[in-house]
Every structure is written in C-alpha cells, then in structure tokens.
C-alpha cells in the first residue's frame, strides 16, 4: 500500500464514520454537541482561509456570522424567502463587507490589524444594537430576531429531529475543507502563504499580496456567513450581543490556534479538542464551582502555547507520518511538511 | 527597439530633506552584467528599489524594454520580466525550498504541476535539488542566498537584480556563486548586481558603474573604473568615514 | 525533565478536579425521584441572579422533600439538576437538550434571561416536556401558542401597565400633578422592550416625554446620561437598569444633585440585594417595581425570608421568591398528576389553582394559568426606599391594600 | 450650554482615568510589542486588591495607593517571568509574537474566572470617605473621587514619562523598545526588562484600581469593559506612547461625555469606533506613535 492510498483510505474511513455516527449516537444531546462541534470546525476552517493562510489574525469574524444570520432571517420573516436562498444572499453580502473592511485593514500589520478587526466588529455590533429598523428592514436592535416554528421541511430549513442539521453542517464542513485543501495546493494558496510570511519578497515574485488577501477574505467571509444562517435556523433565535460579540470571534481564533492555523486539519483538530472540553467541563464542573471550566480552558490554552506553539496538528501529523511510514514500509521517506 | 533593456535617465529620489539618488543616468544592454558599486550609504539599494518599484522616483524616468515603468508596482514589474533579490534575504521560512521556488514559478502558470516542474528545473540549475524538502528557515547563509536567486529565477526574468548576493559568503562559496551568475547570463538573462566584494565584481561584470552620495562618479570596464581617481578617493574617504 | 514535571502537575489538577466532582455527586439517591432540569446563568454576566435563583430553589426543594416529598408518588423526592447557561442562548439550548435527553428530567424550569428562555422553551415544547418559567418577563414567551410553557411571574406589558397605574393612583391620592416624564433604560432586550410600552402608555396618559435615553449596560460612566437628565428636568424618571448600572446611576444622580419628583425603577438591578448596600442614603425616595418585598403582608413571608437570610446571608428578592414559589407550583402539580409522565404533569400544571401553602408568600393571591400558560393572577408591588431604624429599607406602598401599615409614601419624593 | 460645559468637565476627568487604564497597556506594548489581552484582568486584580484592602482595614482609598501598586508590581513581574517569558523565548525571532497574544488571552480567562470562583459573580463597591462627595465650581458640580482620580492619572503619566527618561531602568526600557537586539548587545537583559515592564504595567493597573474603586464597582469580568476601550485609546494615542495614552483617553472621555448631550448615549459608543477607525486610516501611528517598522 502506498502512502497516497493510505491517506485516501483513512480519509474515506473518517468521512464514513462521520456520516455513520448518528447510527450510534442517537441521543439528541450528543448529536447537538456534535453539531456544534462541526459548526465550530466549519467556522474555524472558514476563518482559516484568511486567518491561517494569509498570515493575519482577524479577531472580529463573528460579525460575518451575524450578517449571514440577519440577512437570511430578515428575508424569511419579511419576504417569505427560503433561508436557503437567504443564506447565499447573506454570504455574498458578507463577502462584500469583508472586502470593504479588508481594503484598508490589510495595510496594517500584526497588532494593529488585530485591533482594527476588533474595532470593526464591535462597531458594527453596536450599530446593529442601535438600529430598530433599517429602511423597511426590521433589525429589532438589541432584542434580536425570533424565527417562529414552521412546518418542518427542507424548504423552511426547520426540522423536527437533529439529524438533518447534523448532515447539513457535516456537508458544509466537508465542502469548505475540500475547498481549503484545493486552495492550499493551488497558486492562490502558495501566493497567500508567501504574502503572509514575507510580503515584500512575495511582491517581488509577482504576487499582488493585497489582492490575494482580499480574495481570501471574501471567500472566508462568504463561508462564515453561511454558518450564521445555519445557526439561526438551528436555534431559531439570535441577538447581536450573543451572535456578533467578541466571545465568538475569539473562540474561533482559539480553535484555530490550538489546532494549528494554516493547516487543513488544524481547525477540525482544534474543535475536536476544545468543544468537548468546553461542553463537558461546563456540564460536570460548573455546578460546583462556576468558572472552573473556563479556568481549565484558559490553562489549556496557555499550556498548548507554551509547549506546542504551532498547535496540535504539527506533533500529531509527525506521529501519523511515523506510523504511516511503518505501515507503508517506505524506507525513511522524505517527509514533506504538511 | 533599442539594445538597452534598462534605461535610467536623471533618476532622483528624495526622502524628506535627504537626496538619496540624484540625477542618475544608467543603462544596461541586453545580455550584459552590470555591477553597481559604491561605498556604504551611496544609494545603491535605493536605485534597486526604485527600479524594482518599491517606491516611485521623485524625478526622472526608468525605461524597461522601452516602456516607462515609473511607479509601477513590484508584482507588475515581475510580470514584465524584472526580478530581484533582497540584500537581507527573505525566504518563506516555514516552507520547504521547493515551495519557495514554486511561488516564483507560479508567475507564468496556474497549474501546480507545471509550477513544480519549473521549480525543479530551476533548482537543478542552481544545485538546490538536494535541499528540496528542507525548510527554508533551516538553510545556511550560502544556501539562502542561492534560494533567493532561485525564487527570482523561477519567474523567468529577462532582467535580474541581485542585491549583494555574495555578502557573508566564504571565498569558495563566492566562487560558486560567480559561476552560477555567469551561468545565468549564458541562459540569456541580463544581470544587474550590487556588490561589495571587489573580486566578484572584477570577475563578473562587463561594465561597472560607481555611485557616491547618490551621484554617478565613474562608469566603464572593471579595470578602467578601479584606476579612476574619483573612485579611489570615494572609497578611501568612505573607509575613513566608516572607521 | 522539566516538561514531565509540568505535565504531571496538570494531571494532578485534573485528577483533583475529578475527585471533587465525584465527591460532590450524591452518594445514593432515594428510590423514587422526580428530576427537575434547571438552566440558570451560573457564570457570566448574570451569574449573581442565577445563583440567587438556585439557592431559592434549593431551599424550596429541601422543604418539600423534608415534608415527605410527593405523596401521590410514594413520597418521591424532588431532585434538581442544574446546568449553566452563561446567559448564552446557544448554551441554554444545548443544556436544555442535554437535561431532557440525557438526564431524562421530568420537567424543566429556568432560565431567568428572556434571551435564553425563549429558545430553551422551544426545545422543551418540541419534546413535550413541561417548562415552568418563574421569571423571564418578555411577553412573547407565553404568546406563541405553546402547550408546555407556564410562567409564574408577570410579563413585561403588565409591569409597565402597573407602573402607570401606580403613578395615576398616587397623583390622585396626594393631589400632585406630574407632567413631564423621562425614560432612561439599559439598551438590552429588557430595557428596550419596556421603553416601547412606556412610550405608548405615557402618550395615553398625557405625559410629555422630555427624555428618551437608552444607555449601554456596560457603561463605565453614566454622568453624561445624568447630565442630560439634569437639563431635561423631568417630573418623573422611569428606569430599567441591571445590577451594576443601577448603583452607578443612583450614586451619580446624587452626586450631580439631580432630584426629580419621582424616580420609578423596574426591579432588576434596583431590586438586587446589593443595591441598598452599595448606594446607602443616596437611594432614599426611589420607587421600585418588584414582584415581591420582604414586608409583603402574606402569612409565612417573614419566616421564609428569615430562614433564607439565615441560610444564605441576604434577603429574598422578587426573582428568588418566584423561583421558590415555582418549586411549590411544580410539587402541587406532581401531587395531582400522580405520575412522572410529562404529558400528565403538563395536564396537572394546566389545571393549577394554587391559593395556599408556602408558595403563597408571593405578593398576589394564587397561581392559575391561562390557555397560553401565563399566571393570570401574577401581580406586582411597588416599594419605596425609606429610612427605617436609621437604615435604608424597601417599604411596600402600592397597591394600597398591600401598603405597610403606618407608612405614608413620600410622593413626590423631591419638591 | 451649561450641560455641555458640565459634560466637558466630566469628560476630561473620566478621560484621564481611561488614559490611566490604558497607560500600562501602552507601556507593555512599547517595550515588548505585545498587545496584552490580559490587561483588563490585571485591572480587575488591582480593583479587587484595593477593594479588599479598604473593606478589611477601612483605610482611606488613597492610602491604598501606597500598598496596592507594589503588590501588583510583583504580581505582574512574576506573571511575565513564569508564564509569558517561555513563550516569548520560543518566538524570539518573530517580529510580532502572536503566540504571546494568545497566551495573554489565556491568562485573561484564568484570572477572570479564578476571581469568579473566589469572590462570586456579584459586583461590589466599598463606601469610602470620599464616595459620592462633590464640590461646586461655580454652577458646575465636580465629583471629588473623579477629580482626584484625574489628578492621580495625570501625575502617574508624568511620573512614568520622567521615569522613562531620567532613570537607568527607564532608559533600559526605552532602549529595548527601540531595538531588542541592540539592547541585548549593549548588555541589557531583555527578559529582565520585560519582567520590569510587565510589572510596571501591572502596578499602573493597580493605581487605576485604587482610583476607580471609590466610585465604581468591581466584579470578576469588570476588566472587559475597560479592555476594549484601552485598546482603542492606545491605538489612538500611538501604541507605546505615554502622552498618547493620556490624550487618547481624554479624546474618548470627551466624545463619550459631550457627544451624548446631543444623541442617545448608546450611539457615542458607535462614534468612538468610527473615530478610531478614521484615525487609524488617516494616521495609523496614532497621535504620538513613531512610524517604525516593528
């Protein structure tokens, strides 16, 4: 068996397990935890398109989740448009906003960029909280939007069981992962990585760094916004502080950083580690000592940064490399860095 | 079309009140190796940066292949066939050597396979194949300099600007590098170098231009230039200043 | 081996945490229990209210269990299963799902925040699990045609309605005439909801609105708002404030010497046990609308409060009384249902007509749900902060029937 | 008009205190090139320290100024030494150590929630000798705790600026902020300087805690409220600039106070973000920032 075959087999097995999981996990509780896990993995993978590959650290991505949720929900509530269509509209809108934000901010470096994205996101959230209606559109200020229960159907994007939500987010995750995989192996991926690491050197090699970043920002925002619609339809209720606040933005970035930003598997690994940790510590520990779970969360964050600053993907893939070499009996293959 | 691939006329650059380059005229013929030398702070790197589009000139014109390229952005110039290296090398440190070279190779193709093919070819020319899968950040200075040329070469340049690619190399490495640059010229690339190591300048260049305080003080064959009184004065003065 | 040292330290921490957890779990539950799922904000911004509600519930459940549990279920004990919502709807929904599906609770209560209660009740409705909402005032919670949602406390349109009734009654009683009115409210779900209804009713009652000012609840400084209030110089100021901003607002008003004739708050931050402690004499004269007050003229109220205060160190609040009463409403329904089947519990809850027992320390006369699950009788009292025995105390003044004997409201509070 | 002048007075006093909360942040950034996301939590630690000291001993809040900042200095010193330094070492070649930012965020989570576990979520204020006291300035009212806060904030900023110019440690801090490597070559122990900078930044958060406690309240996540504002202030003033932090604070305080006389105060928050972004694009280095390629 060659290395390629091994990789392909493992991927297929992983995908099959993901698709088959609901056969084993029938409890809606655990299904919900899995849905949120995939939801965060999806969000982080979308974030990774710009935050990982373009070498910047955006800390305001929740605003695009908000744009997605608001667009599709307002279209549904006021114009009866199916959330599926609203989802795409929201995605395009978010991509446009992303480009508008990116145009000036991509000139900034490091800390300035971080703070700038925070300011944009918080500024937009505060605006939304101050706006009751925007022309004919009812935004409803800080109260947020409620989606009434409708007959469960695909068209209404509402279902009785958790299963359809599970498969929707799983498919969304697979799509964005495939896209990431494709990008990382294509010209734009190379250009992004180069521009992120050494902008001047990349420019000298014919890379229009700003344009590349804008493109990745647009893609990232588009996909992030889709998750907003998904969230709105899953919860049927959202409000600015909860959906567009910094907590979500930070959590997305943390998952990527702990998993390994700029890698394909990083966001998924990050979500696999952090989400269950988040859920179970809250379930089992918050009862006796409120806040203990967040202390543990913070400690893990610090420990990972202390010992594996590149994230958990690098050591894991090294282990996998070793194992794969043993299985495929490739004599001391030149491991290509992931 | 003139025989000159690059023509610089009355090029001037001010930084605030400081004039880094002043009314400089310079040209490079196709297939030539021109060396730009001068004491520290003479404005050599500024000239390079102006030509490479890092910043626009204050006055004067730069013609590349008969087209005025004043104020054109680096990435556009690269597409026109003008590539450069940096004095302080800028490898994509967390990526492999192959990856680094492929970034350059993507200039004329959208296909990853073709870019890899091109990159392999360039690496073979420069003798980088054995470092293919090493991370660029882990290379020695000499290999980094070589990689820097490799990246630029992968863009298929007609004119290559080399900014002190010999600095910090051991004598044997300098000899290797001289051979490499000569090889480039034999492949039809015009080369414009900034260099400090006079041995290399003498061995390499067809012509040498000397600038001092942003002004050209001499130009000619390497032998003629080293005999020029102005040049000797400038260099001695420069040395005294430095000491 | 530095890394190893740190690693084992972490392992020790985790092991200790696990040990704590195991020690904290009940050793052996009684044979028959009724599990009540409870989603509350135990961490995050509303944690302090969440903990108050938790403690009130605990005391009620202890009492019910000590009195023999649910007799029709063979003395079954009530068991509360808590979950932390962090005031976050996503977490609230996830936790509700977990409590229903994994903990297999028989019914649910919670979640204090309207924003969490709204989607959480939707989950319960889908599974057909009864959900008793002690407090979460947003009207729409019981206006969606749900079968399984029951709210014990009043909804916000009733709160606002009673505030204007109070103003009208007091003006008649004291012969005062109030003309101008100002609205100052936290810019959240709750404040903006109130303000919407204020505007309507103020117009109807012929007040002139001189200031309509939302402010961010996280404000570090409310002096700008108070300065504005000072120049608007209204007769009445209506307030909706969370815990911290209520204190800040009151102190800043005192500092800036802003003295409207009537300051009327809407519970929440002003009703918090910490409010008087932190404002001291700057709070005198403030009127506040609450579900309940310690001097409420109901049998058992004083004793229950004393017991609670002894146990936890502070007075019961409206919110905690509602939570306390809700446990008795649940116990009453279980007693009549004689079953732990959610559908039967729902039927029993819908037929609730509770007019006696420990739950009746509430300020109104009974619990009876309308077809939407709203307690028809839920009512509100208005208190005034007054100096009693040299200390600030909250004295019930309205409705007149509930007024503390011998107390004459200072109305207007400032000339 | 009276209201506007009153609002201006208040805006200046609050603004100076916002500046004070941002001072430590800007100092740490200037030296280490790290945006310390835990700064709000350090402020919270400062406020809780002042709270408990005053509550338990009943001393005057400004006596606490002599006790709290030194404690906080050592807290910050060892926090940097034990937690942040190891990450820094691993990333020392990186121009902008992003991993360190993440670590400070971890510290933020840990500190805030440790406080929650220890003290509970309730907000606390302590009634001091000067709480709710004010004096009249013509027809305007000036709050005593805020006025003294203003004085202390300005004094701290001036003191810090002098310290940076006149003392040996201050010069070492400045040298490191200009060029890490060069400072290293000059025999300055880079990491020790970082420890000191972090300690000083934390001590200033302690001063801010003492100043805020007579009129503001403390609870475990109080830092978040001041944090985002402090970020805005330091960017406005120029990351790393001491007078910039004070001026940035004044700008924010004035916008907040004066603008809200003409519009709903919820909108001033949006305006602050808008002005922040405009300044960032027009003059990315802020009012006093050096234009340097860090």
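Per-chain residue numbering starts at 1, and chain names A, B, C and D are given in the order in which the chains are listed.
By definition in this document, a contact is a pair of C-beta atoms (placed from the backbone, for glycine too) under 8 Å apart; a residue touches a chain by one contact, two chains touch by 3 or more.
This structure is a prediction, so every number in the text was calculated from the model and none was measured.
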| item | value |
| --- | --- |
| Longest centre-to-centre distance from subunit C, chain (CA-based) | B |
| Distance between the centres, which are taken as Cα means, of subunit D and subunit B, whole angstrom | 48 |
| Centre-of-Cα separation between subunit D and subunit C, whole angstrom | 36 |
| Separation of mean Cα positions, subunit C and subunit B [Å, integer] | 74 |
| Inter-centroid spacing, subunit D versus subunit A (mean Cα positions, whole Å) | 32 |
| Set of subunit A residues in contact with two or more other chains | 129-130, 289-292, 294, 299 |
| Residue list for subunit C, restricted to those that touch at least two other chains | 43, 47, 51, 187 |
| Contacts with two or more other chains, residues of subunit D listed in rising order | 113, 116, 120-121, 264, 266, 269 |
| Chains that touch, pairwise | A-B, A-C, A-D, C-D |
| In the complex with subunit C, residue positions of subunit D that touch it | 2-3, 6-7, 10-11, 14, 18, 113, 116, 120-125, 127, 131-134, 141, 143, 215-217, 219, 221, 224-226, 229, 253, 256-258, 260-261, 264-266, 268-269 |
| Subunit C - residues contacting subunit D, complex | 43-48, 50-51, 187, 213-216, 218-221, 223-225, 227-228, 230-231, 243-244, 247-248, 251, 254-257, 274, 278, 280, 282 |
| Touching residues (chain side subunit C, partner subunit A) in the complex | 3, 6, 10, 13, 17, 20-21, 24, 42-43, 47, 51, 82-84, 86, 88-91, 93-95, 97-98, 100-102, 115, 118-119, 122, 125-126, 140, 144, 187-189, 192-193 |
| Subunit A residues touching subunit C - in the complex, by the definition given at the top | 27-30, 32-33, 36, 129-130, 141-144, 146, 148-149, 160, 231, 235-239, 241-242, 279, 282-294, 296, 299, 303, 307 |
| Footprint of subunit B on subunit A - complex, ascending | 185-187, 190-191, 193-194, 197-198, 200-209, 334-337 |
